[in-house]
């Protein structure tokens, strides 16, 4: 899919693992890749981040599970999934056989469950990296979401770290007073990198039924609407922890959106909700991003990371022809 | 502006004060009202919430101060304003002379400054209510924003409460782990009601200059993009504190948007960013809201407040003809 | 037969009662289309605040293109209804599982509610081509909400029309006339509101015959990656799963859908809390 | 003369070099318009993800309507350029302070950079009507970015054209030719990029004559309520304030604008930190 005019090497390295490109699918927005195969060549991407898998099969929430909002959407899927066993038997091999890098996202309700999932994944063929979805309620702490407590998040990351030696990324929630505090705590507990951000908690009301649209009342807000919040989180985390790799996401639907994330401090990006509008979006975004990087004179993806923080001299306002 | 077909009484009561309608202008989006006079009849609205005023004149931030984002915008005005003295001499009398209810928003850098502002406003003609913008850095607490700390917020509200006897609303920030915690703390310290929500912190990067768009790097995200977050905050606060009146805001640009806020638990609403797209928006939104309430059989604005929480039986899906 | 994402030029936009029929140049989609499948149309352009595709049954196709027929119910359908010939739409299709045709000729009853009639016209044509006599029952709230009656009359052996308000055909619901239509029938097909499908599936089962129903659940992606479009469906192993209607549906055997539990997660579903 | 919000029908859309000229039926705005004022156009329709109006100088008006001329630089201007006759736009205007005309006839120099030429055409007409000889200097990056040269040649006594690349007129900047044009001049008017305005204001002041400059700052509201469009301007009391260019501008006396401090808050500004 890459424009042959682009001379830029698309590869990126995250915590020592090299991926084919800087763009990944976002967890929960690409299942385990297979359904997207008719629409793009998954092998050109950085990799597929799979839907968060839990220990047991899970039926998820009742419908309605989604609401469209202005430049965004709410979802309350409730982590429906087949459980780790079926995932290891079916989903992961499908990716491995095709040489598609798999970033496996895991979720649980206790630090121990996360640790167990990591142990089950140890040595699984095709597994390139773990993404730890800590936006789940912690049954051991009155249901407080792990990602909303520095201690809760650290417990999870430590439990996972002990069990596996592929890179482990903690996926942060923006719904906190101080995201840097959580980020530091995850890194101190052994996270190799950070995925920034998960959805924001939101509500929509149906003005016909006079009730919440979602059966679960609240859902996660994603899409272009949240991009400024996501960029702010990436900015803050990169400023505080400049050597920790960030997988940036939230509202990316074009190569220039992705470029904003790199400039703010992300080393690579995930594309989520945009897939629903355009199933080929991850490949398109990657192609546009590489073209935009080349147009700006970058010789490698990594050169753009964090540039907006201003350690290099600012540029004059330049038109690159890709702005419209 | 009100449709004569609407038989509904538009008045609302907030903490014992009666306002002419359920729609207000949002602080910082209508200056002190005067500039909007060519575009709508301010006298039909609930009132004008004035731009947050500080003790001294303030020049604000350097430009660029704004960035447009998907269904939203970022601003970093930096509370530019004339200071309380000029405000009392010019802005407030303009509203008072025209019989327009003034909700004065105040901001400061210490609890003491907030208290002083309240004292200066005591007995000011035309003053109907105070809105306390606590999204300011607290110089006495390493610059932490008051609204991000239950204790900091309470200090401010207590300082204001002591000085004045009009209703006092605390304006909450969504950028916290637990907004209900802050809400409770404000109410315990004497707030009569809560304004929900202020902007979300965001960043935008300019892909031509490779630098942040805003001179201040971060800015406040507003507009329809944030409506689901705002509704979630209103929902949570109303669920926890059902008797505390809420002035809801965040992304309202139509009467049905406003209706969502009432159903989620707001007693009245403010319209902000939509004014920039449509200077007549507050009056239009109020007219649309009253029409929508009437179409749904409500006899008074207050009857719709909190209905989505389901204390009454749910309705069948009904088409009211105003959905498109 | 795999789905494709294509840029489809609008060839024709026609008002039909309360509906708008869009004909789109999409040969790749037409080539693989089968009755009961649907297409997912992007709305609002590339910076649209509407992120999600809108799904419509394939109401017809030929070598050059496809037709969808839509009711304007919100912003996306309103935007689609404003398209003009020459405009280009981003369309993904054909999506989902089609109706299964009987293995050998038998009389079939096709029941459509509102725009649920859309996929029944190509289905009727396919059944007739396979030698099956076709009886159709088309219902709607009122005359202007009836769809495809003329087309049905051309293809089907009999067409019975009902409206809730009696403004066309018999007053009442399609499920009222259905029992009288089932004598000697092999399979019942249905598309329409969930309550209608439930009634049809129940009546068919009561008469001892199989039914196939095309359900409609809110879909965010249409291609199987988001899990918003699920409903409780009984699998071959007898266990209920929250099943994607975009990928494993929209057509299901009527006796597999847990209609009474739609909008819930039944306690006996795999992975239920 | 107060501004109004109107639904204006597009009467004509014409490409002019790199620009697009839109003629809009807006008699109420036309009735109050004066040279240097601007209009704010909503873009994208009522559910648009673009919340903010786009501001354009009034490039001309008559009893029935107004004209704006725009360069496509982003999504909003691209959307406007796609409008067709008959489309309806939501327009607020006339906004801002106009150029002040001299109290008695005197020779005036009008300097325009790029689309900064737009308001100079009606200004030249007004000056000529008031008996003032008019010399115009119009500059741009290249020939296709020049605007209104033909119109200027009809109205002004002399027109000097410059382009950065020499593709039309003299190679160089308008500020290069300006010194030679100032002999015997009463007032200098300018509209264009900030750097050009700064040079013009400096040259005019050096030659001992007043200037009036129309600035362009990013505007969120255009009507004075948001405080995004400020720049440091010296008031009558000699003190610098962060001044709204939409309400107190866009035209300011050249010697009042603190050009060197644009993009900062000067330490001596009222309320500076």
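Here the chain labels run A, B, C and D in written order, and each chain numbers its own residues starting at 1.
Please note the rule applied: a contact is a pair of C-beta atoms (placed from the backbone, for glycine too) under 8 Å apart; a residue touches a chain by one contact, two chains touch by 3 or more.
Fair warning: this is a prediction, and the values are worked out from it, not measured in the lab.
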Sorted by label, the chains bordering both chain A and chain B are C, D
So, comparing C-alpha centroids, which chain is the farthest one from chain D? C
Tell me which of B-C and A-C has more C-beta pairs in contact. A-C
How many angstrom lie between the CA centroids of chain C and chain D, rounded to a whole number? 56
Go ahead and note the Å separation of the Cα centroids belonging to chain A and chain D. 45
Counting in whole Å, what is the centre-to-centre distance of chain A and chain C, each centre being its mean C-alpha position? 35
At which residue positions does chain D touch at least two other chains? 47-50, 75
Please set out, as single numbers or ranges, the residues of chain A touching at least two other chains. 70-72, 223-224, 323
Could you please specify the touching residues of chain C with respect to chain D in the complex? 47-50, 75
Can you name the residues of chain B that touch chain A in the complex? 67, 69-72, 74, 148, 175-178, 200-212, 217-218, 221, 223-229, 231-232, 234-235, 251, 256, 259-260, 263-264, 292, 296, 304, 307-308, 310, 314-320, 323
What does chain D use to touch chain B in their complex? 2-5, 42, 48-53, 90, 92, 217-218, 220-231, 241-242, 247, 262-265, 269-273
Mind listing the chain A positions that touch chain D in their complex? 70-71, 224, 323-324
Listed in rising order, the residues of chain A that touch chain C in the complex are 28-31, 35-36, 38-39, 51, 56-66, 68, 70-73, 75, 77, 80-81, 83, 215, 223-224, 273-280
